[in-house]
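Consider the two complexes below, in which chain A is the common component and chain B and chain C are the respective partners.
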Partner chain A sequence: MAIAGETTLAARQDENATKRWVRFLDPSERTLAVLLLMPAALLLALIIVYPVCRLVWTSFHNLSLTSGAPATFAGIENYTLMLEDPVFWETTWNTVLITLITVPGALLVGMALALMANLPFKVKWPVRLSLLIPWALPLSFAGLIFAWFFHSEYGVVNDVFRRLGFEGVIWFNSASWAFAAICLTIVWKTSSFMALIILAGLQTIPHSLYEAAEVDGAGRFRQFFEITLPLLKPSIVVALIFRTITALQTFDIPFTMTRGGPGTSTATLAMYIHQNTVDFLDLGYGSALAVVMFALSMAVTAVYLRMIRAKG
Partner chain B sequence: MTFNRTLKLLLAGAAVTLSASAAMAQTNLRVFISSQHRPDVWRKAFDMYEAKNPNVKVTIETGGNTSEAQAQYLNTVMTAKDSSLDVMILDVIRPAQYAAAGWTVPFNDVIGDVGAYMKRYLPAYAEANTVDGKVVALPAFADAMFLYYRKDLLEKHGVQPPQTWDELAAAAKKITEAEKDPNLQGLSFQGKAIEGAVCTFLLPYWSMGKQLVSDGKLSFDKDAAVKSLKLWKDFVDQGVAKKNIAEVATDDTRKEFQAGNVLFAVNWSYAWGQFQGAESAVKDKVGVVKLPSVKGGQPASCLGGWEWGVSAYSNNKTEAQKLVQYLSSPETSEFMAINAALLPQFPEVYTDPDVTKAVPWFASARPVVETAKARPVTPRYNEVSEIIRTTINGVLAGQATPEEGATQMEGRLRRVLR
Partner chain C sequence: MNRDTPDNRSFLSGKPLRILIGFILVVNGMFPALWILFTSLKTETELTAKPITWLPHAPTLANYLRAFTDQPLILFLFNSFMVAILSTALTLFVSVLAAYALARLQIRGRDLILSAIIAVSTFPLVTLLVPLFEIMRALGLLNTWVALILPYTVLSLPVCTLILVSFFEGIPRDLENSAMIDGCTRIGALFKIVVPLSAPGVFTAGILAFVNAWDEFLLALSFNSNPMLRTLPVGITLYQGEFAFPWPVISAALVVGIVPVAVLIVIFQERVVSGLTSGGIKG
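Right, the complex of A and B next:
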């Protein structure tokens, strides 16, 4: 009986779909649809498709604004140059390293912050506010503040070190210390964003689940790993996507803290793109670098999306 | 009705004609000056020009207090083909670059006999502003790097101002050891990855008689580069310069010296005026000489100075060129020397009695400016500069040995100047 009912329903749906399709084939309906979609499509083409196409076009040309010469076709020259350019490899590696360190770092700290903020405080606003402040601060501002914190002579970090009886560190004089200072700043700046997303996820978990688990005799740890973490997964993935893509485009914090120094040891790919296009006005090479970064971001997003789809 | 209409039309026509003729009579020129180059004093020079040319009004636009910051701003204005700026001040390293990009207008048509006109300037400035026979900008004022030293401390310990970098290191060690002041550094120079660090690298390199670029082609001498990088790194290792020298920018050197914490300092001419200021701890205790050389070499200084260029996108090119000719004249040079202590671009102004009365040390500054060398002249100077300054910064921070630094520098320079 039920099976027969379902079949009829499916048949009716089919019929409806066919009707809709026929109606859509009706020229006036189709024109209307196209016309209605046109503004959005044009806008999208203007602000996304055109710049991306233009970027790819420029990356295959010799276009240096300082030479005063018009653009000439260069084929893949900009890309082959990139392969032999040690600074390209160094900045790409630095970018990957920053991503590998600061994304998990910000996730862990963000998770801890979110769990803390989710505790049953009587007065919630001070906790929420302290979460919001680093998130709302402009990136370059955070970079400038921490550059002062880590200054070898006047910085508060070395001051604390000296008061504790240690020798101060010349943070920006060594690639590894400078790198550590940058990663610390990025984690500080971005973990609150992770915390905000995770906190939103935490609040959707029904309290009754924990009560049931407690009745069944599950401890805090078991509750966390069996209930909290699995139910948080969607929020974590969303937070990770956003954070990873911004990490691949890291610019402001190293730019304001070290300008990529000492030497070029803390420069990122985004900084190298900026340098080639804005400082050197070499738009051809800069565009080729930007295409690589674009491809990198797209690849990472694709991996994450696939992860979500597999889970869904 | 018809009468009214005709009257309205007539009035409107008259208004248009009046405003048009007023616009023709009045030229508004907008001049870009960097904020550290005394726009207040230049304003007085503009006032004098306006008094003589009532049809011209000059407005000043200031911005950026480093050469890089100014270049970034001007690059944006010029690539946008923006007509809002008529005249702009350019670091001496840029006229060639701006001319190659087609951003400035040559002066050849307005200055008459080019050879005779440019001969009046110090040769380095005539050269820096002439590209393929075209006068692409006119000099605003001169500059060079000097060695500042604590006259009082050198006299106290019976030490003569050093002639070579080795002598400087020995003098610094002797005096800092004897003074036992933990805050006193032997030598301060620019180790941060800024334009000044390019000069830091070039000073000993040039003093070995080597060139970086000859006829637009790279003429890199790797041995000399290694020696130059090693010289500065040794100062850090021997304790002559402080350990965080890779963090030190031009004005940091000035501040530290002015606070009395430095024995020797490499800096531009602007520092002199500040050292003699009311808040200076070293007022009347400062000596200035030409920079030391490497042993057996010739002393060399980095040529600085700023030039006036007329924008190719200006709507008032002819008026702008006339203004620049006035700004780059001996009279204005003398005025700016006396009132703003800017080094003259004309040799005879250095010994002008009014000038030597106002700034006595200018007389001894002339030979240094005359022997100063220009940084590589190439349209891709920004890239060359970036390569040199990040390399020396990395070597001073201990990220690379002088040998590794020189190898990296050579490889990267070769790619840019291929």
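Right, the complex of A and C next:
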């Protein structure tokens, strides 16, 4: 009996293995898979893979479209040039500063919005729309709208200031006020996205956890820090990764609000890449700048991924 | 206090407070768009009155007329719409095929492909400005819709594929199998059975792709220098002169640009929220 049993088991395993094997080799299925994935693969190859290789190659060459000369090997010249370029340092610093201010800013505001939106409103659609409209509004529109908000003469912000008895601020004449206006705009625009993600996370937390905590006498703050926050962590980390990556690419809002001014005091690295590429047609230098931004965003992703893994 | 609501544990559970909080939320989300609407209805003289007025005293539609005559706003709308709709269609087609392969077929390295897709969605598209500029130039695609449609498709491809994979996995295999027994090909079963049954997912993915394409600014600014091919976000920046900002006209153009997406969001609000949170995470 025992022997017979083993044989059947072995036979069954064998049969399963064969089935899997046949299935894997099934030419029609495999060809079909390749065919179905082909369009996506071709697009990714054309728009991402080849361009990335080309980017690295170009960054080591002199390639300026204004001269019309063919690309010549430049070694690390574009990179050493960068080290001595004050505008590179300024725009990189602005980008990092915008990231450091607006990502935590959007997280805090987004968290507050999500907690507020999670209240048991009887009519839910106005709340949902008030989070969706800022999310769907193009960044460039947000830049223009807030440029008007912060207008020194006719802007609503200064109007409120004056009504409250303060002096109006000439926002776009000073580097730091212009920078503040840009950061406020970015926080407003991006916090709704954070809020939508956090709100979805909040709605998956079972009520029973809070009821149990209530029975144990945990106050509202302890409940927030010991139940809500830990359970929200996965959604927060994912939202933070995407928000940080997009913050490093900041272009639309400073471009439409200040064009980088006064001077280059509110210009970002993305704006400098765009200027070198499209305006100056200096593709070699533009590529080297892009490689730096690429490295920055890879580093950010790596740090976040490590955070996820470290804490499980 | 309202102790009978399920959410009485929250910090602020009183009804007046809740109304106040709802008001704060709505003002935060809607005020900028409303303010632009008010501005668009004001005359130039009212705009430069001091102190500024909040509501327009003598609402006028003159700014809308100027928005359409000062710049080819109709053309901007048309370009934006065509680029967005064509890239949405292409995105959906390509991601339906890829998602079906990933959801149904036995593919070695399926998880690897899925993580590669997620990795692509964290990719900073700005860094590809230089090489894409070169490629589009070499292919003679600068100043065409295609120069934007292809990158926008790739921009939305990861998100849409992930959404569709999860929807396709929820459709019972038996449904396709019986269709195939009835003489349908596998691709036929995909488009006749699986896609229609996943319509909510396809819609959600489509809206995300549309909004991504409608909003994009940098590539549209860089690849299309021909004013006749400007998309709306880029076209709207053309209203401002060197020193003159015709704010009421810009506001009118902004309102015209906000309306289509706002309508889309109002109609499909629940779909959009579920799409954003079901793997469709993108800032």
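In this section, the second predicted complex is superposed on the first by the 266 of 312 C-alpha atoms of A that agree within 3 Å, B and C clash if a C-alpha of one lies under 4 Å from a C-alpha of the other, contacts with A are read in each partner's own complex, and residues count from 1 in each chain.
Convention: contacts are C-beta pairs under 8 Å (C-beta built on N, C-alpha and C of every residue); 3 or more make two chains touch, one makes a residue touch a chain.
What you see is a predicted model; the values in this text were computed from it and never measured.
Contacts of A:T266 after superposition on the shared chain: neither chain B nor chain C is touched. By the touch criterion stated above, A:N94 is placed in contact with neither chain B nor chain C.
When the two complexes are overlaid on their common chain A, residue A:L129 makes contact with chain C while staying clear of chain B. Judged by the touch definition given at the top, the superposed model places A:T102 against neither chain B nor chain C. Of the two partner chains, chain B is the only one that A:N173 touches; chain C does not reach it. Once the two structures are overlaid, the count of chain A residues touched is higher for C than for its counterpart among chain B and chain C.
Looking at the shared chain after the overlay, A:S140 reaches chain C, while chain B stays out of its contact range.
Shared-chain residue A:T301: touches chain C; no touch with chain B.
In the overlay built on the shared chain, the residue A:N62 is in contact with neither chain B nor chain C.
When the shared chain is aligned, chain B and chain C each come close enough to touch A:V278.
On chain A, the surface patch touched by chain B in one complex and by chain C in the other comprises residues 151, 153, 278.
On chain C, the positions that touch chain A within their shared complex are 5-7, 9-13, 18, 21-22, 24-26, 28-30, 32-33, 35-36, 39, 47-48, 50-52, 54, 93-95, 97-98, 100-102, 105-108, 113, 120-135, 150-151, 153-154, 157, 161, 186, 211, 214-215, 217-218, 221-222, 232-234, 236-237, 247, 250-251, 254, 257-258, 261-262, 264-266, 269-270, 272-273, 276-277, 281-283. If you check the complex, the residues on chain B that touch chain A are 68, 71-72, 75, 79, 97, 100-102, 192-193, 243-244, 246-247, 379-380, 382-383, 386, 390-391, 393-400, 408, 411-412, 415. On chain A, the positions that touch chain C within their shared complex are 20, 23-24, 29, 32-33, 36-37, 39-40, 43-44, 46-48, 50-52, 54-55, 58, 113, 115-121, 125-142, 144-146, 148-149, 151, 153-154, 156, 159, 162-163, 188, 190, 192-193, 196-197, 200, 207, 210-211, 214, 220, 223, 235, 238-239, 241-243, 245-246, 248-249, 251-252, 255-256, 270, 273-274, 277-278, 283, 286-287, 290-291, 293-294, 297, 301. On chain A, the positions that touch chain B within their shared complex are 64-68, 81, 84-87, 151-153, 170, 172-175, 259-265, 275, 278-282.
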